[in-house]
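Before anything else, here's the structure in question.
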Amino acid sequence: MIRAAVVGAAGYIGGEVLRLLLGHPKVEVAAAVSSRYPGKRVDGPHPNLRGTTDLAFCTEEQLDSYDVLFLATPHRATMKLLPRLAPKAKTVIDLSGDFRLRDAEEFARRYGAEHTRPDLLGEFTTGLPELAREQLAGADRIAAPGCMATAAILALTPLTDAGLIEPDVDVDARTGSSGSGATAGEANLHAERSGSMRLFATSGHRHEAEIAQACGVRPVMTATGVEAVRGVQTVCRTTLREGVTEADVRAAYRRRYADEPFVRVVAQRRGLYRLPEPKILLGSNFCDVGFAADGSGSRRLLAIAALDNLVKGGAGNAVQSLNVRMGWPERLGLEFPGLHPV
Amino acid sequence: MTTAATTACPECTTPVSTESDLRLSELVECPDCRSELEVVATEPVVLALAPEPEEDWGE
Amino acid sequence: MIRAAVVGAAGYIGGEVLRLLLGHPKVEVAAAVSSRYPGKRVDGPHPNLRGTTDLAFCTEEQLDSYDVLFLATPHRATMKLLPRLAPKAKTVIDLSGDFRLRDAEEFARRYGAEHTRPDLLGEFTTGLPELAREQLAGADRIAAPGCMATAAILALTPLTDAGLIEPDVDVDARTGSSGSGATAGEANLHAERSGSMRLFATSGHRHEAEIAQACGVRPVMTATGVEAVRGVQTVCRTTLREGVTEADVRAAYRRRYADEPFVRVVAQRRGLYRLPEPKILLGSNFCDVGFAADGSGSRRLLAIAALDNLVKGGAGNAVQSLNVRMGWPERLGLEFPGLHPV
Amino acid sequence: MIRAAVVGAAGYIGGEVLRLLLGHPKVEVAAAVSSRYPGKRVDGPHPNLRGTTDLAFCTEEQLDSYDVLFLATPHRATMKLLPRLAPKAKTVIDLSGDFRLRDAEEFARRYGAEHTRPDLLGEFTTGLPELAREQLAGADRIAAPGCMATAAILALTPLTDAGLIEPDVDVDARTGSSGSGATAGEANLHAERSGSMRLFATSGHRHEAEIAQACGVRPVMTATGVEAVRGVQTVCRTTLREGVTEADVRAAYRRRYADEPFVRVVAQRRGLYRLPEPKILLGSNFCDVGFAADGSGSRRLLAIAALDNLVKGGAGNAVQSLNVRMGWPERLGLEFPGLHPV
Amino acid sequence: MIRAAVVGAAGYIGGEVLRLLLGHPKVEVAAAVSSRYPGKRVDGPHPNLRGTTDLAFCTEEQLDSYDVLFLATPHRATMKLLPRLAPKAKTVIDLSGDFRLRDAEEFARRYGAEHTRPDLLGEFTTGLPELAREQLAGADRIAAPGCMATAAILALTPLTDAGLIEPDVDVDARTGSSGSGATAGEANLHAERSGSMRLFATSGHRHEAEIAQACGVRPVMTATGVEAVRGVQTVCRTTLREGVTEADVRAAYRRRYADEPFVRVVAQRRGLYRLPEPKILLGSNFCDVGFAADGSGSRRLLAIAALDNLVKGGAGNAVQSLNVRMGWPERLGLEFPGLHPV
Amino acid sequence: MTTAATTACPECTTPVSTESDLRLSELVECPDCRSELEVVATEPVVLALAPEPEEDWGE
């Protein structure tokens, strides 16, 4: 058993990290930090954890030292927290956007603020085992990618790795409301958010930079809030290189993900769930990826992915990265397959 | 008495009608793109985009 | 054309009053008050009104005088506003809870605050044409009932008027999220409110007092927030007096509502929509009422009603009251029948 | 008053035609045909119509003659019905896909069946006043376009008319479940369809042909079923011609739709509802259109539209076409503006 | 490892049994029977199982013999299947309604058909460990109770066991759409079922008989379909015996469920989730139970329960019963705690 | 020519108007409770509740 601490533990990602770690056979949750709820039980804001733990939140000051520290705090705040919290743990896994980009200038452009610790950016490994399994084995600074970025990256990687597509990619992301965290703003009011199809980003979304960095493509991204609490789907509109066939595409996906425990290739000709869709992934660490070529023989190819933003798009991916880091079986604590119907 | 003039929205170029008794720092709304515009000069009226709290939706 | 002003016009009820008055052939909306949005167009917070009006909000100070004033402001605030606003209009229609109860002590018990103008309570007529059509014809202080109360009252009135039921009634109300107004609190966060079945009142809900006052029953009320934005359904569990048959009940409903323009009796044996259900009432001023006796011959009777809380449970009912007050055709401006499917 | 008949009147589009005609001051609904429910009241399958009509369905055989006949029957069936039904009315408005395309070969490719009456295709005028107002004035064979096609066409027309975009367009349509009609198949089962983000068409959707025919672009279309009953949103990814600015685009939209009663240009920088979104359009005949250029100075332009598929995407548009045909005020019977919140 | 077979494996309950058994460390799924999909992979109709199994459906004829057989087939069909299938397994766990009632006449009244094997009714043990843990230890014919019945029974048992309430109980059940199984009927069409608050049973629901049998009360039951796919909530309106206090009630619940692994007492004074609510139980085997006394000192008491109808209301409960039967740790394979937010 | 008479709905007692040319086994709908009623006799008209497929909603 290793000892873990979670900062930002009262938030949605923090709660999901707690859920997964509490069910993890090799991790003990030793501390959960919240400034709003110190001394209160974690199953207050996270009622699904009732009966599974008696843990209470503590303050940052009460932290001592841990094997692993999860940061589930807002971007821009996290780069300020990291320097003082990092000494408290051997391994730090950051779920915010602050250490995902390697380039401080790109960070400043995307996040509207100068990075306060550009010197640390180089220390971080991308917390996505499908991309960086080997590096993660020895990593002690891990930055998990954004939820929509993770989906787009896993949809595109088989194509870019195999050199099958042109660099310009349209990333059309659809997301549920939990993606904005537990923040009660007007935009997240049930009566406003319910049933919406809200194009809240029409270009320049931050995750573009992560996708570009990971896949070497030129993404332009739109993001639409649709009716869902959990769930992200990304539809990437790409162009096949000359001469590439759908069979090449299918082979590339199969090959790339043959041994991946948490990526499933879903591109079927029959049935209701032919392409990736997030609803059957609630609570699951799977990312489903698929593709659809244009019947008419054009070079257009859709690359599609779906995941639960709080799991494979966040906490689950972080725990999977920990498993890799520790040399444990990668599925440990992440076995829940998702539900149907739901 | 106030008289109306128009000036272009700096965001979308739509004509925005402005009253002559506008004061510095006052906020007006573009009728088209609904930008919030700040009066940064009065004779003649110059409008600038008012800063807006960042919206953070979808991670 | 009469001139109307709306206070609290940026809220959900205020917006619905605006929608209905803007479509009303005999009313001109002369002022819409908001402290948050003075000078801004009303179609900002109420995007459904785009293209129907160029109206902008004003401040309370900018009000002059009107034929009718609608108050769509919070309870406890409204009793303070009324004395200074009432002089500005011949007729005042209040949608808050502040002038619904005739008894100041009951008000204090239910609203947790002393009434600041108990002297005015007696001046108000209940804004429910089905109960008080005659009084409304000459009324200049009108208090529209609460949304769940309206539903329960319309479900029960045929039974209590005809003396068919015992006085103890269980009122089980189910409501959508717009019932709490446009207030962004944690409880109304989409991710929390979505899909909920939340028993937010298990007894002692304020609307009990309104139901008791209107129907002379002893109600106990539970209220559950369910997945919906608009819509209230009340299921009243009642006991038939000795010897009363289901045919008596059906006849009482038919008789009571034979000439009502906005109450439909729905108690069918076939089809998908056999009993009142709010979804087909979105935007409509109908209140559907129905009943179900216990097949087994017991004296148990369900009395059920459904409505759109913002229309027949609020703004529509207020406009209908205005129509009655002015001697206009009662359906004026309220013709929208509701949608199916939806 | 003119006399109207509706065939397919028990379906979703048929029901919506009934709703609109029953509220129309110049139309009497003289017949509603259903083979499943002959003799039954129309408010059985359309419970929202309770209290507004005592009309019952009749059989096709019982039809005599009418001023206008609405066909709300499935594609491929309608081309067989038309020849025998057309003689029964002066004006026929078809809502199916059978007479929308002018080219019989294109029909065969898209609908997987030979057209049985290609000779009649040329007689039809497109039932979209924004495109064909003048022709509609004298038209007696009117074919209303498909719901997703209508949205895409209204989004693109200002751009194509003004020559602002390149011909290749990606049409990304998102739709609610009522778009598939009242047919109980596995795909429309609540437990399966609920919360879905289902890419049911990845290319080659029928509506592509309508968009191409109306706008002269080369559309490729994807369609995703999202959680909603009513509502279509289309996001068109286009490329601006060299030198075209966002101000040109805004001006083109404003100019094109300045006098349109049912198209609103929605492209705002502030507020929750900055771009077209269908939820505030439920029951309304508005189509909202908007656009978003890429901040970074690229030539990418999104053209977005939203509508209620059963109203502006179907029955409302048909009634608007009738209004134009008859020389009546275009808004007649179509005044409902939509709801917020909802 | 024991070998299990599931009949009705293509249905919703069958799929959930498969999900749980595939994740169960001591059970091998040896056969999954479907008449519609013989030879097809189980992850076709159950797409959440992709990547977890290569299992395909077989026909009933292909069954040989197993340690345990789960019947997830419709009521009335199951009593005909059982005699020929029972010989194929040592232990049979039936999830249908056919062997739940001990009294064949009550069965006939409730299910509208004579029981074809009344002689077998006495052989069955109720598959609810909270009620029958000891009997289950040796049971080879197990009948799991209905989903709404399970919720009501778990809400009421602490009260009836301790003799705290009067026998008349109003059971108000609210349920999601998966409760009707994977049957595509008009009532389950997304556009009809979505957003509904449908009182589909106003008295005499079958589950009344199960509740009466288990708790010795006289239940009358209403059931309302609300917007949800999974989830049941039951609100029982009961009357406390003279002199019983809320403290007695709380103590009774605490005592009764102190050692239960899957029942949590939820009756809080603060927070958003004060009383049982199903949404945080999706996929989980927990049943949350709670209560609320009437503040005013009346004897009215609400007893509330929530569960996932396919898990604790069906498949999970069956697996828990198997764990008890086999003497295994009761939580085995049932550890998933549920999600928040969701 | 058909003439209308009324007879009571066996389910809810509401008067149901019936045409004189009704035939045996024909189905009519009660205008109030919407029961489907079968003509089981014609002179005078007698209506009986038509059998209905069981609805099974919620387990």
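By written order: A, B, C, D, E and F. Residues from 1 in each chain.
The rule is simple: a residue touches a chain if its C-beta (ideal position, glycine included) is under 8 Å from a C-beta of that chain, and two chains touch if they have at least 3 such contacts.
As the structure is a prediction and not an experimental result, all values here were calculated from the model.
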Is the C-beta contact count larger for C-F or for B-C?
-> C-F
Where centres are the averaged C-alpha coordinates, which chain has the largest centre distance to chain E?
-> B
Copy pair chain D, chain E: interface residue numbering same or different (half cut) | same
Separation of mean Cα positions, chain F and chain D [Å, integer] | 39
So what's the Cα centroid distance for chain B and chain D, whole Å?
-> 37
Determine the centre-to-centre distance between chain B and chain F, using the mean Cα coordinates as centres, and give it in whole Å.
-> 68
Touching at least 2 other chains, the residues of chain C are 12, 44, 178, 182, 186, 191-192, 194-195, 229, 270-274, 341-342
Which residues of chain B are in contact with two or more other chains?
-> 34
Contacting residues of chain B [partner chain D, same complex] = 11-14, 30, 32-36, 52
Provide the residue numbers of chain F that touch chain D in the complex, in ascending order.
-> 27-29, 31, 34
In the complex, chain D touches chain F at residues 39-41, 44
Chain A to chain E touching residues, read off their complex = 12, 15, 19, 22-23, 44-52, 178, 182, 229-230, 264, 266, 270-273, 280-284, 286, 288, 335-342
Touching residues on chain C, where the partner in the complex is chain E = 170, 172, 174, 186-187, 191-192, 194-199, 202-204, 220, 222, 224, 226-228, 231, 233, 235, 237, 272-275, 277-279, 292, 294-296, 298, 300, 302, 304, 306, 341-342
